[in-house]
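You will see subunit A twice below: alongside subunit B first, and alongside subunit C after that.
Coming up: the complex of A and B.
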C-alpha cells in the first residue's frame, strides 16, 4: 500500500496485550489517515460519555500518508483522545521526528487503552513491541526522561515522546514532549499520566514506498524554492508575528483587558533573534525550518534555552501576563517544556489569576505569599513550578485549568476566564478577528487556533473587513475548517498553508494525496471526505452531550460584552446578535440542525454515514 | 572526494537521509541512509548544533585497516572507500573503528554499508538539502 505502513498497533496497558491489525482499505479511502482515521476509530471504540480519566479512554498517536516521505510539512503527528479540559475528542499536533519513525517501525497508528498498575513505557522497535517498567523515570523531567530511555535502549536513534511531572500529577493542561517539540494542547499528557504511561519510544527500519518518487522529489523542490523566499518563517519562525499582531491591535494583553502591549518590541523576534538565536531546527523532511532555538546568555536566567519561544508562547507567557522581560519569558517556556506543560493554557491560567489578584478576588494568602501582579516574570516562573507539582493552594487551583478554577473561585471571575469550551484561548483575537468568534465557538476543540484557522485569510484585510464585517465569516470558516480536516488527515503542517491552502480543500491536497498514496480522488470527493470527517467528529460531540448549546455558550463573556478598549482595533467585539446570525448560517452550510446542532439525517446519508446513530 | 557538512547551516530535517535511502534503497527508509543526522535533543541542548555522520573517505581509513576480510578498499581512481559485499561477513569491526560513526551493518543482509558517493556530480543528499549545508568536494 503506497504511502502507508499498513498496520495499526494496539497496546492495552492493563492486560499487557499487544495487537497488530492491518490498516483497512475502507478506513484510508474514506478518512485518509491522521485525524480522519482516528475519528473513525474513536467513534467506534469510545462508549458515549467516556470519562477522560478511565481505562476505556483511548490515546491514539496517528500519522497520515505524508509522514516518512519528502512531502514538505510532513514532520507532524497527532495525539488524539478525549480531553480532560473539554470532555470532547481532541487532537494535539506535534512536530519533530517521531511520526515518521512510527511509520518506519511499521505502523500508521498506535492506540493505547487500559491503565498500567505501575509506571511503564512502550518501546516499539519495529516488530518488537514491549511494555517496560518506568519506575526509575517517574518524576523526571521530559529532557531527563528522553535521555534515560535512549540510554536504557542503547541507541540514540530511538525517538521518544514522554510526559513530565505535570502529566504525572494530572495537571489538566499538561503537554507531551518529544525532542524539543510539544503536543501541547488539550491535556492528553495527563491521560497518559493517569494511565501511568511515562513515554513511547520508537525506532524502525522499514520502508515507505510512494508511487512516483521522482514526481514527489520534484514537488519537494518546488515547495523548497517557495520556502526559501518566505519573508519570515525560515529566518524568524513565528517570533515576529507578535509585533505584527500587536500593530493590528489584536494581541491579547494582561488577560485580554487590552489588545495592545506596550513592551511588544522587547519580546518580538526582530529584537531577540539577532541576540538570542543559537540554531534553526526543522521537523522531518521540512525545508522551512521555522524552529528557532533561543538561549539566555547572561543574568539571573542565564542558560535558559527553549525552542522558540513561538508566537503562541510569546503571547501566553509574555503579553498576556504583561511580561516584557524576554529572559524571564525564555526561562518560563523552558520550565513548561521540562515539566511538560502547555505554554498557552499555562499563560492563560496565570493571567486569570493575576487579574483575580489585582482585583482582590485572590488574596496574598491564597497565592501562598506571591505578589501576583501583571508583569512579574519571576512570579510566572515560580507559579509554573507550583502548577507542575500542584504545590499549595495556588498550584492545586491553577492545575485544574481556567474554567474549573474560575468556577471554584467565583466572585465574577468567570467573566474573564478566557477559554472556549474549557480550552484556554490561543493568541488570535476573537474580538479583533470576527471570524474567530465563530471559529473557536464551533470548533471541536474550542480555544484552539487551528479549528477555524481564519487568521491566515483575515489578518491581511482592513479593520472593517476583519473586525466589523460578519456576513462573510460563516462561508470562510466553513471552508477553513474543511481544509484543516484534510491537512490533519494527510498530516501537513499549517505553516505550508500559504502553499497548500490557504482557504479550502483544493488541488494541492489532491496532489499530495496522489504523490503519497497514488489515489485518484476528485475535488468533489475530497470535499466530501473533509465533510465526512468533520461530521463524524460532530457526531461524537453530540453523542457526548454537546450540541448547539455548547457552541452558543462557548465565547468568554469578556469577548461578547466588552469591546477592545484602545488601539488600532478599538471598539471591535463579538456582538451577541451578530454571533447568532453567524452560527445559524454556519450550521446551514454544515447541514446541522439549528435547534439541536445535530447533523441532519440527509447529510449523514450523503456522506455515507447513514448507519451512524446519535 | 567526499560529502562535507557545514553544521552551522544544518537544520536537522533529515531530508538528506530520506533522499539517500530513496536513491540507494529504492524507498524512504532512513535506517538505510548512508548519511545520518543525530536529531537530539541531547546533542542540541549540549552543542546547540545537530550532528551529522557521513564517511570522510579517509586517506588511511581505520575501517579498511580494521577489516579482517579485506572487504573494504579504496577505489584507486576516485579515492572512495567501498565495501565488497562478497567478502564482508558483517563482523562490525569497521563500525567500531570508524572515528566518524559513518559505517553501519545492514542487519538483514549482514553486510556493512556506507556512503560510496552514489553520484559524483549531483549526490541526492547534497541536491536535496534546503540550506546548502552539504557539498561534495575533495580532501578529507
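Coming up: the complex of A and C.
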C-alpha cells in the first residue's frame, strides 16, 4: 500500500492490551487518513455524548499519506479526541518529527483508550510496543520529561510527545509538547493527564513506499524553489505577521477592547529577529524552515528561549494582555511550553481576567494579591505558573478556560469572554475579517484559526471587501473548510497554503495524493471526500447535542455588538442580521437543515453516509 | 503648485532595498500612488514596479501588500488613487502562516 505504513496501533491503558490492526482499504479510500480517518474511527467508537474525561474517550495520534515522504510541509501530525473545552471532536496539529517517526515505526495511527492505574508512557520501538511506568516523570516539565525518556530508552533518536504539569493537573487548555513544538489547542493534553499517560515515545526504521520516486523528488524540488523566494516565512517565520495585522487594525489588543496595539513594534519579528534569533529550525524534510528560536540574552528574563514565539503567541501573550515587553513575552511563552499550556488559550484567559480586574469584577483578593493590569508582564508570568498548578483562587478559576470562568464569575463578564464554542479566540479578528465570524462559528472547533481559514485570502483585500462585505463569505468559508478537510487528512502544513491552496480542494491536492498513494482521484471525487469528512464530523457534533443553536450562539457578544473603536478597521463588526444571512447561506451550501443544523438525508446518501443515524 | 508630504514605510525586502524603515517625501498635489511607484523605480530600481504595478508569481503566498493609511489598496486600480497630505503608504507583504 503506497503512502501508508499499513497498520493501526491500539493501546488500552486499562488492560495493557496492545493490538495491531491492518489499515483498511475502505478507510483510506473514503477518508484519506489524518483527520478523515480519525473522524471515521471516532464516529464508530465513541458512544454519543462521551465525556472527555472518561475511559471511553479515545485519543488518536494520526498521520496521513504525506508523512514520512518528501512532500514539503508533511512534518506534521494530529492529536484527535473530544475536547474538554468544547465537548466536541477536536484535532490539534503538531509539527516536528514524531509523525514521520510513527510511520517509520510501522503505524499510520495510534489509538489510545482506557485509563492507566499509574502514570505511564507508551514506548514504540518499531514492532516492539510497551507501556512503561512514568511515576518518576510525573510532575516534571515537558523538557525534563523528553530528556528523561530519551535517557531511559538509551537513544536520543526516539521522538517524544509529552504532557507537563498542566496536563497532569487537568488544566482544560493544556498542550502536548514535542521537541519545541506544541499540539496546543483544545486541551487534549489534559485527556492524556486524566488517562495518566505522560508521554509517547517513538522510534522506527521502516520506509514509506511511494509509486514514483522521481516524480516525488521533482515535486519536492519545485516547491523548494518556491519556498526559497518566499518573502517572509524562511527569514522570519510567522513573527512578522503581528506588525502587518496591526497595521491593518485587526490585532486583538487588551482583550479585544481595541485592535490596534501601540507597542506592536516592540514584539514584532521585524524588530526582534535581528536581536533575539538564535536558531532556525524546520520540521521533517521541510524546505520552508519557518521555525525561529529566539532567546533573551540579558535582564531578569535572561535565558528564556522559545520557538517563535509564533504569531499566535505574540498576539495572545503580547497585544492581547497589553504586554509590549518582548523579554517578558518570551519568558511567558517558555513557561507555557515547559508546563504544557496552550499559549493562545492562556493569553485569552489572562486577558479576560485583566479586564475583569480593571473593571472591578475581580478584586485583589480574588487575584490572590496580584496587580492584574494590562501590560503587566511579570503578572502574566506569575499567573501562568498558578494556572499550571491550579494554585489559589485565581489559578483554579482560570484553569477552567474562559467560558467556564466567566460563567462562574458572572457580573457581565461573559460579554467579553472571547471564545467560540468554548475555545478561546485565535489571533484573527472576527470583526476585521468578516469571513471569520462565520468561519469560527460554524467550525467544529470554534475559536480555531484553522477551521474556516479565510484570512489567507482575505487580508490582501480592501477594507470594504474584507470587513464590510458579507454576501460572498459563505461561499469562501464553504471552500476553505473543505480545503482544510483535505489538508488535515493528507496532513500538509497550512503554511504551504499559498502553493497547495489557498482556497479550496484543487489539483495540487490531487497531485499530492497521487504522488504518495498512487490514487487516481478526480477533482469531483476529492471534493466529495472533503464533504464526506466534514459531514461526518458534523454528524458527531449533532449526535453530541450540537446543531444550529451552537453555531448561532457561538460569537462572543463583544464581536456582535461592539464595532472596532479605532484604527484602519474602525467601525467593522459582525452585525447580527448579516450573521444570520451568512449562516443560512452556508448551511444551504453544506446541505444542512436551516432549522436544526443537521445534514440532510439526501446529502448523507450522496456522500455514502446513508447508514449514519443522528 | 500645492505640495503634499507623505510618509513611505518599508518592511522586509523593501527595507533591505531602500536601507530605511521610513522616509518622508514631498510631492506635487495630484500625485497618484502609481506616480510614487514611478519615483521609487527611479530611486531604488524596479522592485516596486515588479511587486505592485506588474505583479507576477504567487499572489497569495506572501502577496505584496500596499497599504494606504492601513487599508489595502486593490491592485492595479488602487494605483490611480491620489495621495493626500499626511498619508502613510506602507509597502509590505500579506501575512503567511499564523
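Following the convention adopted for this analysis, the second predicted complex is superposed on the first by the 614 of 614 C-alpha atoms of A that agree within 3 Å, B and C clash if a C-alpha of one lies under 4 Å from a C-alpha of the other, contacts with A are read in each partner's own complex, and residues count from 1 in each chain.
One rule holds in what follows: a contact is a pair of C-beta atoms (placed from the backbone, for glycine too) under 8 Å apart; a residue touches a chain by one contact, two chains touch by 3 or more.
Worth saying up front: this structure is predicted, and the values here are computed from it rather than measured.
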- Specify the outcome, clash or fit, for subunit B and subunit C once both structures are aligned onto subunit A. fit
- Task: Please work out whether A:55 is in contact with subunit B alone, subunit C alone, both, or neither, and reply first, second, both or neither.
- Result: neither
- Query: Can A:211 be said to touch subunit B (first), subunit C (second), both, or neither?
  - Reply: neither
- Which partner does A:282 reach: the first (subunit B), the second (subunit C), both, or neither? first
- Message: Using C-alpha centres only, what angle sits at subunit A with arms pointing to subunit B and subunit C? Round to the nearest 10 degrees.
- Response: 90
- Query: Can A:567 be said to touch subunit B (first), subunit C (second), both, or neither?
  - Reply: second
- Is A:392 touching the first partner subunit B, the second partner subunit C, both, or neither of them? neither
- Thinking of the overlay built on chain A, is A:293 touched by subunit B (first), by subunit C (second), by both, or by neither? first
- Note on the structure: With chain A overlaid, the minimum CA to CA distance between subunit B and subunit C in angstrom is 18
- Doubly contacted residues of subunit A, that is, touched by subunit B and again by subunit C: none
- Task: Write out the stretch or stretches of subunit A touching subunit B in their complex.
- Result: 68-70, 75, 96-97, 100, 104, 143, 146-147, 150, 156-157, 159, 179-180, 204-210, 213, 217, 220-221, 224, 227-228, 278-289, 291, 293, 295, 305
- subunit A touches which residues of subunit C in the complex? 11-13, 57-65, 67, 69-74, 78, 90, 92-98
- Flag every residue of subunit B that touches subunit A in the complex, lowest number first. 11-15, 18-19, 21-22, 25-32, 36, 38-42, 44-45, 48-50, 107, 128, 130-131
- Note on the structure: As the complex stands, subunit A meets subunit C at residues 226, 229-233, 235-238, 240-241, 243-245, 247-249, 270, 290, 310-312, 427-428, 449, 455-457, 459-463, 465-466, 494-495, 497-499, 501-502, 567-569
